[in-house]
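Before anything else, here is the set of structures, which you'll find just below.
What follows is a pair of complexes built around subunit A, which joins subunit B in one and subunit C in the other.
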Partner chain A sequence: MRREVPIAITFFTGVLLVVAFFIPHEPFGSLEQRFNDWYIIVSGFAMILGLDSLLLHHWNKVSRRSQDWFHSLSLILAFFITLFWGFYSGIHTGNFLSAQSTFRKYFYLYVFVPLQATMFSLLAFFIASAAYRAFRADRFEATLLLFSAGIVMLGRVPMGNQVAPWIIGFVLLLFAFLLYSDGRKEVDSLRRALKFGGAILSLLLIYPLAWFFLKYTAATAGWIMNIPQLAAKRGIFIGIALGGIAMSLRIILGIEKTYLR
Partner chain B sequence: MAQVFWTWVAAFLTLAIFSFLYKDNPFYKFAEHIYVGSSAAFWLVYLWYFDIKPKLIDAWRMNTGLEKYILIIPAILSVFILLRFIRPIAWISRWAIAFTVGMAAGLGITANLQGFLVPQIQATFLPVWVPSHNFWHSLGLSVNNWILVIGTVVTIFYFYFSKEHKGTLGALSRAGIVFIMIAFGASFGYTVMARISLLIGRVYFLIHNWLHIV
Partner chain C sequence: MIVQSFIFLLLVSFKPAPATHVRAYDTPNDAGGSVTVKWDLSKDDSIVTKYEIIRIIGSPNGERVSAGFVLRGTNSYRDVDLKNGQKYYYMIRTWADGEYSDSEITPTPAIPKPQWFHTKRVVALVILVIFTLLLWYYLQLAKKGAPLWIRKIAGLEAIDEAVGRSVEMGRPILYILGLGAISDIPTIAGLAILKRVAKKAAEYEAEIIVPNYDPIVMVAAQETVKEGFMEAGRPDLYRENNIMFLTQDQFGYAAGVDGIMVREKPGAIFLQGLFFAESLILAETGHSIGAIQISGTTSVTQLPFFIAATDYTLIGEEMYAASAYLTRDPLALSTLKAEDIMKALFIALVGLGTIFESIAILTGAQGFHFLKNLFNMF
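Coming up: the complex of A and B.
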């Protein structure tokens, strides 16, 4: 009863949805939309379970006066103030996010949006520090990552075309210098000649590449986004879809039962 | 007056979160907890007004006959999910969870087929040669198509783990990693630009709306 009924519910819900996909006529035609509405309702109630866990955890911290209990108290207060204000505005204006509601005018625009936007903008700094660690041009693959990220970043800003030639010029100059100093230390004459040749090539490439990036940085960024990036994304999406279908079949057939734990 | 007060509140919260760039501190923790608490309540109110109320309460009031009484099923499932709070009968909540899992699994097949697999494969069937007024233009478009098709195929090969990546499969998967690296780099660059744009928005708020410098 405790395991069989949930497995049966999962099986019938899953199979009915698959059947509804292949028979788009009544009574199956509207089944997907109906189930979707029910799913939204049930998941809405499931959120109460999560909220209970969150509030209980912080209430325990407050009642035990453990470390940072004051912050837990501010979380609980923020929760209930937002909740009552939201419902109060909803009852008075019909829609708690309407232009007339005080909830939208003050809480949403001056507390919720700034907090959310600042929290996400903070990631700009961390992502930059992560890039410093990840983007090391020590391997071919890492160099590709660095190159495509750099072009996309430069190509998506208005001044990118003007800045790109200077950056590429500096990188090539640095490359030439490194190859030259490496070549000077080299004992083997062939390797030495190759390194000096590489240094000269880097210097010769400065002007044509700078000219190319002055003209085509935005276009190159667009090409990267639309062709190689799309190709890889498409391959990944096809893989995800196949994996998702396989997993769904396992769940419907009762092979995968971890959700019953 | 209220506008000024709330602008100061927003500026305080913005600066409190930015203070984390120096180090973890009580101002950041305070703003972080306010964010978690208020957004949890916000989404609860949002769910009520945009999902549960129109799909359950309003639908019950407006519909008649079978359309009305069939709503008892999601209502009962919703009550079942809350039974998790009553320990002796907590196991009944699995019935509601089973419904959501079954729903996700059913959609996992149909939505993946309809929304991802078929359209993505369809979009990859591209012409080998694209006719155009100019030969070089045609060549450019055709090469792009070739890169798209080859890139998609080699990326799939990279994720094929049933055989060791040696020989032909190894060469194909190495080509796949080239495309994957370009895609990850491009996605990274795109994400950075989105975050920078948010950052510019917050800095503009501080110097324009709060300090009135610009």
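Coming up: the complex of A and C.
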């Protein structure tokens, strides 16, 4: 019974909501909104469970003097200061986030918002470090990624069309130099000829490629974003949608029971 | 002076041209009580301040009330909170600096009524019916014991390796369920993977930490981990205190989880669920402490970050397939087979659509647009 009753409730609710999706007539039309309202009410009460877990977890650390217990103590203190300051400001001004509220001014605007912004701003540095690893041209796919990302970046910045030929020219020149240096050290004559040939080809490509990117960097970036990128994204979307239907059917039919005890 | 005054008077008392071709009809695919009004913009739309929608109840000479206003450039309005079965006529009053002109009254009444079927969702219904039929077919096959083959998913194969590595290093396992609520399917999929991880952790006597963003998800995670430990025969190792609530603030949660990573130095990190802008902050911190990371999400915008920063990534549907893949339950596997057939149908449709549309554009033969027209109908 411990499993059968929740499965029966899930089945009934799931089927009802699927039917409601296709019937706008009342009482089906507003059913989804009503269920969402109930969920919000339940989750509001569940917050008590969350707070209980949070405080108990950190109180245990403080009482046992576990490693870094003072972090836990600062969390408990911050929790109660926030709570009581919020109540105090709310009672005094009618709304704890009103313009006159000291809580809003000294805590929310001067502490909470800057802390959030600090965490968010870390993302810029993390993007750089992740991009450095992802764009290392050690495989064909990674080289392709590096090349496409380079074009998209150049295409999305001001003056991208003007800057791109210089960058492309420099890269090709560097490539030619590396191939020439490698070729000089090569013992095998065929490999040496191939490397010298590659170096000459790189030099010959500088002008046409620089001309192409002078004219079409922004357009090429747009093409990459709108055609191959969007096609891959839509492919993933279709897979996610079908996977979502399969998962929902598994839950409704009681095949998927992991979330139950 | 007289001429200037005359021009000024003309400008002040300028009546804008009225809106034309006003039509009103019952709003389709709704629960009733609503009428959609449309009109052609006034010729003087550039100087119009607003369009006032006048509702006339019962007959063209009936009671007139103002239903609402829209700004210039707008040519439609949805009038709501109406009585089903009642006749309504409409008129548009075009305002320009205190002066107005009225349009013609709609020639036929609009009668709001509720609909029993949403005609714009026919395609969704067809997909659901086909999917259900396929599911039923594969369920029958599974019940008969037919072997159902599914491809290898590297991210799921690596779970045991990640848990084992963490145990060898003597470090805990960190499982992050993201910012999803229990009503989000990726969270439920994440819980399915958590059960497997918890079971393995219990078998190897490893510690598992699950910081949560949502209190309901926390309770579900506690139950899931407990169940995993019980299945492994080690309920004594279960620590409820390790599956805790952090905060419902996005970056507060990221900061909290990052703190746990840096302090506890887990050997394996699982990021499975719904993630937003905090995904890379978490994954990069995990990378910096040298943990093996297995990520999975259905947020398409976060997938590139996970692919760049973690060792294995479950891309979208692979995450949904995890529970069936890990349990090898024939009934669950049958849903994956049905999903694969549906996917093949979609690929065929996309392929055919591309071919037909290309032919139609190249040859100008309108008949080849039939597939596009069919989908545009719904």
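By our rule, the second predicted complex is superposed on the first by the 193 of 261 C-alpha atoms of A that agree within 3 Å, B and C clash if a C-alpha of one lies under 4 Å from a C-alpha of the other, contacts with A are read in each partner's own complex, and residues count from 1 in each chain.
In this section, contacts are C-beta pairs under 8 Å (C-beta built on N, C-alpha and C of every residue); 3 or more make two chains touch, one makes a residue touch a chain.
For clarity, every value in this text was computed on a predicted model and none was experimentally measured.
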Touching partner for A:26 - first (subunit B), second (subunit C), both, neither: second
Contact breadth on subunit A, by residue count: subunit C or subunit B: B
First, second, both or neither for A:249, with subunit B first and subunit C second: both
First (subunit B), second (subunit C), both or neither touched by A:56: second
First (subunit B), second (subunit C), both or neither touched by A:16: first
Touching partner for A:133 - first (subunit B), second (subunit C), both, neither: second
First (subunit B), second (subunit C), both or neither touched by A:158: neither
First (subunit B), second (subunit C), both or neither touched by A:208: neither
Residues of subunit A that lie at the interface with subunit B and also at the interface with subunit C: 18, 21, 39, 42-43, 46-49, 51, 54, 68, 71, 115-116, 119-120, 122-123, 127, 131, 233, 236-240, 242, 244-245, 247-249, 251, 259-260
Parts of subunit B lying in touch with subunit A, wherever the complex brings them together: 2, 6-7, 9-10, 13-14, 17-18, 20-21, 26, 29-49, 51-52, 55-56, 59, 70, 73-75, 77-79, 81-82, 84-85, 91, 94-110, 112-114, 116-117, 120-121, 123-124, 144, 147-156, 158-159, 176-193, 195-196, 198-199, 201-202, 205
Touch list for subunit A against partner subunit C, complex: 18, 21-26, 29-30, 39, 42-43, 46-51, 53-54, 56-57, 60, 67-68, 71, 115-116, 119-120, 122-123, 126-127, 129-131, 133-134, 233, 236-240, 242-251, 255-256, 258-261
Contact footprint of subunit B on subunit A as seen in their complex: 2, 5-7, 9-18, 21, 32, 34-49, 51-52, 54, 68, 71-72, 74-83, 86-87, 90, 95-97, 106-112, 114-125, 127-128, 131, 141-142, 144-153, 156-157, 221, 223-225, 227-242, 244-245, 247-249, 251-252, 259-260
Residues of subunit C defined as touching subunit A within the complex: 29-32, 114-118, 121, 124-125, 127-128, 131-132, 135, 181-183, 185, 188-189, 191-192, 195, 212, 214-216, 218-220, 223-224, 226-227, 241, 244-252, 254-255, 259, 263, 277-278, 280-281, 283-284, 298, 300, 303, 305, 307-309, 315-317, 319-321, 323-324, 329, 331-332, 335-336, 338-339, 342-343, 346
